[in-house]
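Two complexes, one shared chain (chain A), two partners (chain B, chain C).
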Partner chain A sequence: MTDYNSESSDPSKGVKRTNMGEDGTKDSKRIKTANGDEQYNPYLAHTYEDSSSQQNGFKSPLDQLERHNTTALQMTKAEDGERNPWTGEPHSQQYFKILQSRRDLPVHKQRQEFLDTYHSTQILVFVGETGSGKTTQIPQYVLFDELPFQTGKLIACTQPRRVAAMSVAQRVANELDVKLGEEVGYSIRFENKTGPKTMLKYMTDGQLLREAMHDHDMTRYSCIILDEAHERTLATDILMALLKQIAARRKDLKIIVMSATLDAQKFQSYFYNAPLLAVPGRTHPVEIFYTPEPERDYVEASVRTVLQIHATEPEGDILLFLTGEEEIEDACRRISLEVDDMIRESDAGPMRVYPLYGTLPPAQQQRIFDKAPEPLRKGGRPGRKCIVSTNIAETSLTIDGIVYVVDPGFSKQKIYNPRSRVESLLVSPISKASAQQRAGRAGRTRPGKCFRLYTEKAFKKELIEQTYPEILRSNLANTVLELKKLGVEDLVHFDLMDPPAPETMMRALEELNYLACLDDDGELTKLGSLASEFPLDPAVAVMLISSPEFYCSNEMLSITSLLSVPSIWIRPNNARKRADEMKAQFAHPDGDHLTLLNAYHAFKGAEQQGTDMKQWCHEHFLSFRHLSSADNVRAQLKRIMETHDIELISTPFQDKNYYINIRRALLAGFFMQVAMRESSNSKVYKTVKDDQLVMIHPSTVVTSPYDWVVYNEFVLTTKQYVRTVTNIRPEWLLEIAPVYYDVDTFEKGEIKSALSRVTEKVRRRQAIKGSGR
Partner chain B sequence: MDTPAGSQVDVDVNVDVDADDDYDEVPLQHKRPFGSGLHRKTVAFVPASDGDGCLNSTDQVTAPKTQQVDVADLYLSMVLPKDNKTTKNAVNVGEPGAVICEVCRLPLESEPASAGSSDVDNTTTATSKTDGKKVHEKSFAHQVCLPHSYPPSALDRSRMGLSYLSQYGWDPDARKGLGAAEQGITFPIKATPKYSNLGVGVHVPKNLPPPKEKKERLLDAGKVRKQARKDKHKAEIIRQQLFGNQDLEKYLGQGAVR
Partner chain C sequence: MSLTHPPPAPPSNPTSSSDSEDDYMKMTFPDDACPSSTHSHPHKQPETSLQRRQRERREAEIRARVKSKAELAAEETAAREAAQSRSLLLPSNKLPKSKGLAMMAKMGFTGGALGSKDTSNSSTATLRMVEPIRVAIKDGREGIGLESERKRKLREAAEALGAQTKRAKADEEGVERLVYAAQRVAEMMDEERKDGLTVAGDKKQTTSSRPLKSIPVVWRGLIRAREETERDRRMRHDLEQSHSSRLGLLPTYTDAEEDLDDKLAQGKSAAPWTTYVTADDLDEEDTELDAFNALPAAEKMQKLVEYLRGEYRYCFWCKTAYPDPEMDGCPGIEEEDHD
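Let's turn to the complex of A and B:
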C-alpha cells in the first residue's frame, strides 16, 4: 500500500474532497469545459465527476450506483474490484484476506435482506448476537448504500464505550483498506480522529449527544446507527428519544437500532413497530448447571468451582465473573496458589490466571488474549487459562476460547439515591438477561458449560428480568442540562423508553438551579449554556467557568483535568509504604486537591527539564498514563475555555493567597459537597443538607482534623467515605453560595447552629470594620 | 320523668350519647378541641320523645356537611373528590325506584338495620330509607367496593423541581411517573448495600442471636510454664533440623553440639 501513496493517490483524493464539500455545480462546469460535454444534468453530477477521475485511469464502480437502490451483488462486485472504490487506490494484499473472513460472517448471508428492509423503512431494529459481525459490517453496508459523496452527509455509529469506538473504527478502516482518521474515523470525549474526507464515524453515544446540542436536527448525518442499544446506557436512551423526535422532522434521516439480545421487541414497539431483522450469531449450545443449595460464600464457592473444573473437565478456558478489583485480585491469588498445589499433588495441568477490570492498564488487559499455557511436559495434561473479570467481559469484550463460565450471580451496579444525593456502586444480584448473556460467553468456540452458583429456584424467583437501565440509576443533572441545551423543554412528556423517577428529575433541576445553570423558572441561564459546552459535570464546569473570579483559572483547569481521569496515584501492594512516602512529598496540608496540583506541577517541571518521564513517574509512584491523559484533557479544556473567552490567569505563587484562592474556587462548583465534623475529637463528618455520616477516605493526605471540608466524591464501601477532600472555611460558604447556605432553609441541627454562629461572627466583624472607619 | 331528682342522671346519659355520636359520626374537622367547653355552663338535655335519638343527632350533623363552609371540608373535597361523588350518587340511587347500590351492586333493601327501623313506624319510611342507605354504606361489602383514595404525596411543594414539572402537567398526587404516557417509575430505585459474601438466594433470618464471642481462656502459671517448655522444645527441633550438622554430631556424639 505504501508504494502507491506517493503520487497516484493525491489527485484522486483532491477530487473526492471537492466532491464532498460542494454541491456539484462548480465541478460540473469545470468538467463541462474539460470534456466538452453538452448534455449537462445536475443529477448526474457524480458521473461527470467520475469522468474527471478517469485521468487516473480509475472508474469507481460506486459512481454507477443509485443511492438507496443498491443490491448486495453490486456491492460485492465493488468490494471485489482491483482498486479501492472509495480512494481509487489499488487494494493491499491484506485487504482480500480480510474480505474473505468478512464474507464468512453470519451477517453477510443476509446482506440483501438487510438492504431491502433498509430501503423500505426509516427506522430499523437489527438484532444480532455477539459474533454476528454487526458492529463492523452493518455500517459498511450502509456506507455502500448511502454513498456519502453524493449527499455530503456522514454515517454515524455509536458505541457505549470509548475503547470500543476506537478499536472498531481501526478494524473497519482496515477492512475498507483506508487510513484511520480519513474515510473512517472516530470521535470520543477529548479525542477526535476524523478529517474532511470522513464518511463513516464511530463515536461514543455521549459524543453524538454533545454534537446534537449544536445541531438539533443532526443535519450532518444521513444515517445514524445506535449500536449495543441493549446496554441501555444513559446517552443511548436519550439519543433514542431524541432521534424519535428528529425522525418525525427529518424524513431523510435513517436510523438503525442494533441490539445483541432478544428483547428487541421492546425497541420495536418503542419505534412505532419498526421492522425487525435478526441475524443468528455463531454460538454453540451451553449446558447450564445450578447448585442444589444456595452458597454461603460466593467467592469461596467460585474459587472452588474453578479448581473443580480444572481438575475434572476437558480442555477449555474458564471465565469467572466477580464484582470488583479487590475481590478479583484476591480470587486470582487464591486460585493460582491452589493450582500450584494441584500441580504438585495430583499432576494437574498448568493454569494461568488473569484479572480483568476497567482500571487495569491496557497492557495487562491485553494479556487475557494470550494463549493458554502448554502442558508441563509432553503428553501431560493440557494447560488452560482462567480469566477473572468484572461484567465488562459480559457484553463488551469477547474472548475466544472460553468454554466454561462460572457465574456467582453478582455484579457491581451504580445506584443513585436522589434523596441523599449519593451515587454509589453496590454489589447487587444480576438480572436474568444478564445471567443468560454470561452463559452465552461459554459457547463462542464450541459447546460449553455454565456453572451458576445459585439454585434454579433462586434464578427464577430472586433475579429480576432485566437490568435497570442506567437512566434509572444515575444522577441526571448533566443529562437535564444537555436536554435543556438540546431544546427539550417538556421534561415530563419527553418520550424516553424508561422515564426516570420524578424525584430524580426534580433533584437534577434543583441542583442546576443552585448552580445557577437554570433560573427559578427552569430556564437555561447564560452560565448554564456555557457550562453545557464543557464535557464535564455541571458542578465542575461551573467551577471552571467561575475560576477567573478567584484569580486561579490555570490551576483550576489543572485540578479539573486531574479529577476527570482515573487516580494518578499508584500504590502497589508490595510497596505501599514507599508509595505513601513518595505521595507525602507532594502533600499539601490543606488537602488532596492541592496535593494533586503539586504532583502535576512536579510532573510538568520534570518534563520541562527533559527527564525520562516514564522513569520519573515510576520512581514517584505516579501513573504516567493517567498523568499524560490529564495533560491531554487539560489541553482540550483549555481550548474550550479560550473559544469562550474565559480568562486564564494565576495568582503569583509567592502570594499568600495562592492556595486560599484555589480552595475558594473549589467551592464555586462543589459547594453542595461539603461536610462538617460531627464534634471535636471525632473522625465522623456529616454532609451538609444530605445529613450522611461519612469518614474521610484513608487515602487522604489530610492529617489535621479540619471542621469543614469540601469533597470530590462520595464512596460507599463497607463504610461511607468521602474521597479527595480539602479544608475550607465556613465563611466562604456563606459568601460564595449564599442561596444554598441560607441559614433559614436548614433543618435544625448542629450544622445549622454552626452556620448561624458563623453568620453572626461575620456580621460582627463587618460591624467592627464599619465602626473603625 | 322526675325532673329535680333525675336531672343529674339525665345530663350524664346525654353526655354519654353525645360522646358516642362524636365517635361514630362527627368527622374529625368538626370536633371541638378537647376542653373548649369546660368553662361554660353545661346545658341540660332530655331524650327525644321519638325514642330514636340517634337519627336526630345524625341529621343535625349531616346538615352542616352539605353546606361546606369549613376550610377543612373544602380541602377534603379537593383531596377526596371521588368519595363525595359516590355518596351523592348513592343518594340519587336511593330514590324509591332504584334498589341496587351503584358502588357495590348489592341491593339496598336486605339490610338488617333498615328492617329494624321500619318496624318502629310506617309513616317514617323515607327517613328509614336514608338511614338504611347509611347503614349500607357502612357495611363492609360497600366499603370494599369504594375506589381507594390515596393520601397526597409527601413531596415538599415549595421545591423548584416540582414547580417545573407541574408546569408541564405532572401532578405529584396522581401517582404517575414521567414519560409520554406518564408510564415511568414513580419512585427511585432502591438498593441495599451488601456487606457479606452470601450467595444469591441465601436469606439470613433477621432475629438471629448475635454470634457468641469466644471466651479467652485464662492460663495459670503452671500452664504458662508448660506452654513455654513445649515451645522451646519445638524451636530446638526446628533449629536442629535447619542448622544441625550431621557429621559434627556423629563426631561429637548426641547432645554435644547443644
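Let's turn to the complex of A and C:
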C-alpha cells in the first residue's frame, strides 16, 4: 500500500480515456496535455462519456466494446495497442515480451470458445491442468469482457493459499502492465493490497468469505472466479454453496469454477449441469514405476531413489514429495552428502538440492526456480537440481524442467474427529488422484518418469480415490459462526457439495454455545456477532473480547498475534543447545504463552532502542519474519478492537497479579482445551471431557509438572502431545466457565472427582468467609 | 507497545489467588468430614481408619507407578479408539444431552447425513458422511502397503499352516481316537471269544503273559502300549521301594555280624524283591507293529474295520455283530455308508 502511494506522482497517472476522435494516431500528442487533470475514476467512466469530447487523451479501444458481447479478436487488438487500454500509459518493453509468451499458453487458443460459453451461461466450470495458464489468463479474459469501469463492479479470483494470491496478483499486474495494488490487487488475511482503482482482485477464498459476512449478496462483484476448486478447501466449499444460493438471487453475477483435475463432472452436476470447458495442459507422457515390495522406510527409500536417478538417468530435474519441514531438511542433507561422495567416487554430475515448504522464507522458496548447475567441467556429466517439497508442489506451483518425480505416497493432512475432538496434522497416505497429480508433474517439459515407492497393488487397494475435502476433516466451529453471520439459518440442509458428518456439526454448535456465541436456540448472540468480526477462531476471538475483564487486553492481543503466526522460535539442528539457552532467557515458569509474551516484549524493547532487529533476532534465535508479521497482525487486530470499542488495558507490571490475570484470561477462550495430570508423579495428562492421554510437547519451557494446564493445540505424531501450555488453577475453571465445568455433566472419573473436590473446597472457603463476617 | 503499560489497573483485581497454594489433589474430605453419614455401603462393615489408610496407600501406589512407554502408547491408543468408536448421536451411549444436537433437531435434523433435501441434482459422487473420518496414526516411516503386506503374509502363512496342518491335525486326532476305540473293540472281541473257548475250565490267561507277536498287528499296539506303561510304572515303583535307594541317604557300613536276614531286612540283599511278568518279547523290536503305527490314521482305521469284519463279523460303524459272513444289513465298509 505504501509503495503505491509513494509512486503515484507518475506523470501519466492522470490520463483519461475518451470516446472522442476516430484518429487514434493523434492521441499520443494530446495525452501529454492531459497531465495534471483531476484523478480519473474508472467507476465513473460511463459518466465521463458525454463530456469526453472536451477531454483530451487516449481513446481506449475498450470504450467501444459492448459488455458481455466481446470477441477474442477485439481483445487481442486492445492488448496489441501501443498504449495500455486500462491506464492509457504507453506499454513497456517487458509487456510485449510477456504478451508473446501469454499467446503461447494453451488457454489462448480457446479464448473465443471461452467467451462464447461465458456469454451463454451464468455459471461455468473450467478445467485446465496446471500450466494451461488458467489462473493468470482467465481472469484477464473476464476483465476484458466485464469492463468493470462500466459497472463499477469488481472481478474476484480466489486462491486457496496466501502465497498464491500474492504471487499471481503480482504476475497478472505485470502482464497487464499495471502496478500491483492499483488496477490489480490482492487481499489476504491481515493484508489488503487493493486501491480505489482495483478492478481485478486476487484473494484467498477465506477472505472472500469474510467479506461476504458484511455483503451477503457479494454486490461488489460482477464475476467471481473460484480457482483451484479441486483442492476443495473448507472456504471454497462454503463459497460454492453460498454462490449457488446467491446466483439464484443475483442473475447478473457470473461464476466460474476452475479445477485442475478430471473430476469436474462433480462440479458440473453440483451447479445445475453448468457448461464445462476444458483446456488441455501441455503434458507429455509419464512412465510410472512401482516398487516390487513395500518400503520399510520411505524417507530412506526416497533418498536412495533420487541418487539412483542421478546416477543412471539422463538429464532432467527431480521432484521428491515428502511430508514436512523436518523430514524435508533431513532428506536434503542426506542427498547432498551422498551426491558429494558420488561426485568424488564415480564422476557424477553436480546436483543442487532445494527444500520447499510453506514456512520457508519466500526468498528461499524462490530458489527452486534457479537453473540446474552447469557440468563440473566442459563435457562433464550434466548437472541437475532436486527439489524436495511438501504437497505444495503438487498442484499450485509450476516448476519447469522437472522430468523425474519420486512419490513415497504420503502427505501431511489435517484431521479432526468430533468424537475425541482431536484435531491435528497427521502424515497420511495420499489419494489416487493426488498420486496422478504428482506423476503429472514429471511431464511438463518432456516425457518423464514417476517412481512410486509402493507396489502397484498397494496403489490400487490402499489409496482412496479422492482426498477427503477439508470440510470433512476440520473442526467447523469457525465455519458455523461465519455461516450464522452470513445469514444461513438451516445448517442441517445447507447445500454443501460434501456435507460433513452430523457429529462434526453438532460439536461445532455445542462449542459455540459454550463460548456463548450462540444461544440455546442456535441464534447468534451479540458476543458471537462480535467474535465473527475477528479473522480468528471463535475461542481466540472470545478470549480477546473478554480480556478487558481480566485487565490485560494489551497482553492478550500480543499473545493472540503470536499464536496466529508460525512459531517464532528458531532451533537449527546445529545449534539446538544454544537456541534452547536463548529461549530459556525468555522463559516464564508458568508457561509457554507467557514466554511468548516475554519474547515479544523483549523484541519491542530492543526495537525501541533502535537495535538492528534482524541481528538481534538472529542472536536470540527468534524469527524476525514471524515476529514482524505478528506485529503486523497485532496492529490489524488492534484496529478491529478499537472499531468495536473493546478497551485496551494492562495490569501494572509490578502488580503480583500481572501474570495471573493473563493466565485467567486465557481460560476465557481456551477453557475447552484443558488437561489434568493423571497422577502425582506422572508426565501424562488427560484432556478434560474427551479423556485423551497426552504429554506436554518437548518444546515447552514448563519444567515443574503442574496439575492443570491450558493448551493451545493438540499435536498428533506417533504420540499425542499438547503444545504451548500454561499452568492454571482449577478454581478458575469453575469461576470462568461454570457451564462447561458443571460437575454434574462430567462422566465418572479422576477429573470429575478432582473437580468435585475443588468445588467443595471453594464452597467451604466461601462458607468460612460468610460466617466470619 | 504493551511495554508502556497503559491505564493504571483498577484497585480491585478479580483474582482470588494468593491465599491458597495447598494441594487440592491430595484433599480427601467427604469421608472424614462426615464420618456418620451413609457414604459407605450400608451392608458392609465400615472401613477402619487403618484399613482406609492401607487402601489409599495401595491405590496411590498403583497410580504412582511409572508406566512404560509401551504401556503409555497402548493406553493412548485405547483412549483414542474408545472415544472414536462412541457415536455422539446414539442415546444408548448415555452422553449428556448436547445442546448442539437440540439445535440441529430444531433445524429439522432427524438422523442420517446432512445436506440438501433436494438430491435430484447432486452428483452420486457426493460423499454423504454419516460417520466422521477416523484418525489413524502411522507407525514411523513405513512405506505404503508394508503394514497390510505384513498382515497379509502373516495371514497367508497362518492359513497355509492352518488349512492343511491344523485341520488335518484335528482330523488325524479324531481318527486316532477312533483307531483306539476300534482296537479296544478288537481286544474285547478277542477276550470274549477266548472266554467262549476256554469255558470256565483253565485259569484265565491274561494278555500280558502271552507273546505280543501272537496278537494281530492291528490291535497289538494297544496291548504293547499298555504293557510298556505297566512296566514303567512297576520299575518306578521298584526303584522307590528298593532298599538301596531308601538307604542311599544313610551312612552305610559293612557289619561283619550281619547275616542274611539282616541284609534282607535292610534291603541290602540282592534277592529279588518283587517280580512281575511282562510279555516275553516286550523288549524285542517289533518291525511289523512299527510299520503299522507309521500308517496314517485313516488307513489304520480301515485295516481295523476290515479285521473286525473278517474275524468277528462285527461292523465298527453299526456297532453290531452280524451272524452271517455276508453281514447282511450292514450298509458298507466305509463310515460314510452309515450316514
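Throughout what follows, the second predicted complex is superposed on the first by the 721 of 773 C-alpha atoms of A that agree within 3 Å, B and C clash if a C-alpha of one lies under 4 Å from a C-alpha of the other, contacts with A are read in each partner's own complex, and residues count from 1 in each chain.
The working rule: contacts are C-beta pairs under 8 Å (C-beta built on N, C-alpha and C of every residue); 3 or more make two chains touch, one makes a residue touch a chain.
None of these values were measured; they are calculated from a predicted model.
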So if we stack both complexes on chain A, do chain B and chain C clash, or do they fit?
clash
Would you sort A:V303 into first (chain B), second (chain C), both or neither based on which partner it touches?
neither
Let me test your reading of the model: by the given contact rule, A:N554 touches which partner, first (chain B), second (chain C), both or neither?
second
Answer with first, second, both or neither: which of chain B and chain C does A:P502 touch in the superposed model?
both
Check whether chain B or chain C contacts more residues of chain A in the superposed model.
C
Between chain B (first) and chain C (second), which, if any, makes contact with A:N657: first, second, both or neither?
second
Which of chain B and chain C A:C617 touches, first, second, both or neither:
neither
Which partner does A:Q413 reach: the first (chain B), the second (chain C), both, or neither?
first
In the superposed arrangement, which partner chain does A:A173 touch: chain B (first), chain C (second), both, or neither?
neither
Kindly point out the stretch of chain C, out of 98-106, 296-304 or 314-322, that overlaps with chain B after superposition on chain A.
98-106
Determine where on chain A the residues touched by chain B overlap those touched by chain C, and list them.
294-301, 408-410, 415-419, 424, 426-429, 453-455, 457-458, 462-463, 468, 472-473, 489-496, 498-510, 513, 520-522, 716, 718
In their shared complex, chain B is touched by residues of chain A numbered 294-301, 408-410, 413, 415-419, 424, 426-429, 453-455, 457-458, 462-463, 468, 472-473, 489-496, 498-510, 513, 520-522, 716, 718
Note: in the complex, chain B contacts chain A through residues 155, 159-165, 167-170, 172, 177-180, 182-195, 197-202
Interface with chain A, chain C side, in the complex: residues 1-3, 5-10, 13-18, 20, 24-27, 29-30, 63-64, 66-67, 72-73, 75-76, 79-80, 82-89, 96, 98-104, 106-109, 111-118, 121-123, 125-146, 148-149
Chain A - residues contacting chain C, complex:
263, 265-266, 269-270, 272-273, 291, 293-301, 408-410, 415-420, 422, 424, 426-429, 453-455, 457-458, 461-463, 468-469, 472-473, 489-511, 513, 518, 520-522, 549-551, 554-555, 557-558, 601, 604-605, 608, 634, 648-653, 655-657, 660-661, 664, 678-682, 684, 690-694, 707, 716, 718-720, 730-731, 735, 745, 754, 757-758, 760-761, 765
